[in-house]
């Protein structure tokens, strides 16, 4: 019985982890797909969102304020980054893009150290969710984690609606799948780029804010997520929201279950999965190619 | 406050101005290779400040020789460690090394101390190897071995009637070594360590592990975590509703310096460490006052370790009249001494690790209050140590 | 020599090439003409291996090469040029041509030789043939458009192919530039099986031995220049529009 | 990428002479610093085979560097008394073998996917040493130096290691200078210039890229082996992708247009880092600033010529 309850809890954890991963990697995949820019600093945006949540929660005492702030701040920060920096990187070679965004990682870390400090900080779970929901077999599940699960699913749903049902959404989809289409459709590519980058930044920062109470905030916290979200994009296929969604869930489950049952192989299992996908479908599971 | 320059020199006294031409009058340079940035920065600052306090109390001299301190930030990056050690030894020509917190970086220090026969005082990192297989006449530790606090915790649990326990930790050397200590401690009281659960360092997603705990059939859960991982683990443990079913305990670092962010989740957790709040001895009282006066911070276990590193170097140099190169005599003097530490007086074992009392503490109202001794005069086994 | 049977290539819903069969033989210059979008370049890409056919087969010297990638077919003796100039602009003309020559020679550990003599001889011979020897040391990016078209052919020739697939070698050339190339095509047909795609009807009818007319991916008519000229269907569908 | 001409090679030879004469005038510390720069130069030079040679940007390169370093520990050879004559080929085989396996998979992808795939595979190697007991754990381990034919002592160690590293770098540079002039090297440059045309002319582009990836990985293994020999300490951080990015920075700083660019880049970066280390505790600011300057201002690198 307890083994079953444990497995159930692990699966819940895996889904919740996978959904957070989806918020990060969906932005990454769209930015790759639409703009053709490789952004290694995407994990730092996650870190910035988490620290923003920490600062807002410690000043106002409420994490609820941090969520809209992360989204709004993400949109503004993303738009600023795109207009000020990434727009100029687009035509550059990969080598330049890799190094420039690597420099951003270093500078963001340094700014964080200068503005705040280098400590671990824990962020309290909102009081009304600070209880545990009993699951079978004596295992209780944190209400906040369930809330994160619901919020992520809601955001994913909104994204799908936006991309599938709106005109701008379909333009983004077209741009992600066939960048040369954008000009044909008579859409202002510059505005699409700003929009996509702002949205991607906001999603990463929202993920950071949601994750802050779950894993504390600390220097370099975005690094692990960066690697995993890259793997999600490779497995899911470039520019594919659906691909990012399903592969994020898959990776979340494999990583979580792996850590629970074969801890030393978890990190390698995810990479092995990627190797299999590369052998079988080098352009990702959900790509149209 | 962080100094602007990484090469921050502190003149011990006016004697530092003595001309180097007079060999004995030349100041002794001590390199403080500690984390002054990154996650462990606060630990590094406390160790450095307490070492400096010890030096001040000695009038800026150890063994009659003026001492100059050279600070170097090791960034807790083992890959940069060999180059950083070279900076201190080659560029700054230090005569003795103090460092560090990170157990990977300390390996490079130990190696340099062995190869170049420079005395090294380890003010925190608890890798057992430093005072076991890799022990050396020139390597001294003022802190603990990872084995010691966990042994104390295991012994205390067994004494309380626990029969079976599990250990949760990161999968790295400190975690594995503490698990061994816990196992040996339990065994000393007839109890058994039935399961070791690990996750990769410094992962803080504890859910996969927490979900397994109720099914293990143990009476108690011990753990080794530090810093942010400790905060998160204690909070997640409480959030999973496990606190009342399975008492959580651990090596003292589980609740060390992190009680405030852990809040109510930590209340009542018992841990074992070589230091704690409310230790009633005169040395502790005067040390805490002086440290508070000097830094405006409360002293903690890291400060104590830094302070005692200073005391050990002082004792050693007193025995060699200020000659740091006379490793044999230096070691003999330190081993013969009884170090009057704020944690309670201790002596050094043959493998240069403190033989010390491990205190049992309970977290109450933001303090790790000492409630008794978990293991008295506990020495690390020192297995495999062959002093050349 | 080279034989394609029932080649069909589909792009999504679009049939770019449907059921095309043709034979290429040494000594025969086979021209393919047709309006834009007739599927001529797709056909060349199918033959050279840049694209895989959806249906149909390709044989080279009796071997089924349908599933071979382009580089393997090139090694087996198929040389091609591109509609849009496709050279290494930062390298010299000789270096460009030498890369064409060395692809055929060594492989494996043999690549670790400097191989200067053999590859350079083959490259210089190819340059001689297209009349570009004087520009051997010029950086390809600095050549005139016409010279770059010549270089295209030299790079293909350097690999000493038996089949030559030439995708609009005269594109963008003035009459003065194209005349010597047209003459060269005739000469090349002497010791190669040549497939020529060309829009300049005067040149095509002057040099081709066999003509295939494609419209909408399909073969409309095939035959000698005289037969094609006489075909009413071709006139209606194609030549009429051009005139 | 242009090969260094006679004048350039003369300048490099003079530079090598200056380094070789260090035992006569420099402190042991500065000789150790020069050793660090020489090893960084080997690492960056091995990456130049990919970046300048065939136009591939890989983030897995530190993985092969680290494998080379760990091979000394993994094989436990010094305990058997085996010398560098055994450990160095072992490092080459291990790193080259890993590069062959990873390259075979990663090269199935192109562009961004290749970058992401190499990043992920590189981190997989990192996790292998960080999360499993295979390499002695996350803290890193000491290694006993394999014998190099000269007995090392406290006094002669910096000198001997400096000269050994200088010799290795020189040999590596000479080997690459030769390699880039063979048919193989010229084919790589052709692929960098126009991959599609190279395939159309009959070059096995995938095979050549894989060969280049393997050679680069094996040479990174040499650099890692020398690092292990010099520091006698290895840690998983050697394999982390930040180190790959740092190597890319050295290549860019020196210039992707010239074979010797990475050597200049490695020495420049080591000097800047050393100077920065004395001035400020904000190392990331220094490195970030250097990258921005290199990418935005110094687009052709110290060696000049970007080579398209």
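Order of writing sets the chain letters: A, B, C and D. Residues in each chain are counted from 1.
Convention: contacts are C-beta pairs under 8 Å (C-beta built on N, C-alpha and C of every residue); 3 or more make two chains touch, one makes a residue touch a chain.
Treat the numbers as computed from the prediction; the structure is a model and nothing was measured.
Enquirer: Among all chains, whose Cα centre is located farthest from the one for chain C?
Expert: Computed centres place B farthest from chain C.
Enquirer: On a C-alpha centroid basis, what's the spacing between chain B and chain C, in Å?
Expert: 76
Enquirer: Would you kindly tell me how far, in whole Å, the mean C-alpha position of chain D lies from that of chain B?
Expert: That gives a centre separation of 37 Å.
Enquirer: Rounded to the nearest whole Å, what is the centre-to-centre distance of chain A and chain C, using the mean of the C-alpha atoms as each centre?
Expert: 49
Enquirer: So the centre of each chain is just the mean of its C-alpha atoms; given that, what is the distance between chain C and chain D in Å?
Expert: Measuring from centre to centre gives 43 Å for this pair.
Enquirer: Mark out which residues of chain D touch at least two other chains, giving numbers and ranges.
Expert: Where chain D meets two or more other chains at a single residue, that happens at 127, 131.
Enquirer: Residues of chain C that contact two or more other chains, please.
Expert: Not one residue of chain C touches more than one other chain, so the list is empty.
Enquirer: Pull out every residue in chain A that's touching 2 or more other chains.
Expert: 113, 263-264, 266-267, in rising order.
Enquirer: With chains as vertices and touches as edges, which is it: line, ring, star, complete or other?
Expert: Topology of touching chains reads as other, fitting no named class.
Enquirer: Going by the touch definition at the top, which pairs of chains touch each other?
Expert: A-B, A-D, B-D, C-D
Enquirer: Provide the residue numbers of chain D that touch chain A in the complex, in ascending order.
Expert: Result: residues 51, 57, 59, 105-106, 108-109, 111-113, 115-117, 119-121, 123-124, 127-128, 131-132, 241-242, 245, 248-249, 251-252, 256, 282, 284-285, 287-289, 291-292, 294-295 of chain D touch chain A.
Enquirer: State the interface residues of chain C toward chain D in the complex, per the touch definition above.
Expert: Contacts found on chain C: 48, 50, 69-72, 74-75, 79-80, 82, 86-91, 95, 98-100, 102-107, 110-115, 119, 155-156, 158-159.
Enquirer: In their complex, what parts of chain B are in touch with chain A?
Expert: Residue list for chain B touching chain A: 37-39, 41-42, 171, 197-200, 203-205, 207-212, 214-215, 227-229, 231-232, 235-236, 239-241, 245, 258, 261-263.
Enquirer: Can you tell me which positions in chain D touch chain B when the two form their complex?
Expert: Chain D residues touching chain B: 27-30, 32-33, 36, 127, 130-131, 137-142, 154, 158, 230-233, 235-238, 240, 243, 277-281, 283.
Enquirer: Chain B touches which residues of chain A in the complex?
Expert: Residue positions touching the partner: 2-3, 5-7, 9-10, 13, 17, 113, 117-122, 124-125, 130, 132, 134, 137-142, 144-145, 214-216, 218-219, 224, 256-257, 259-260, 263-264, 266-267.
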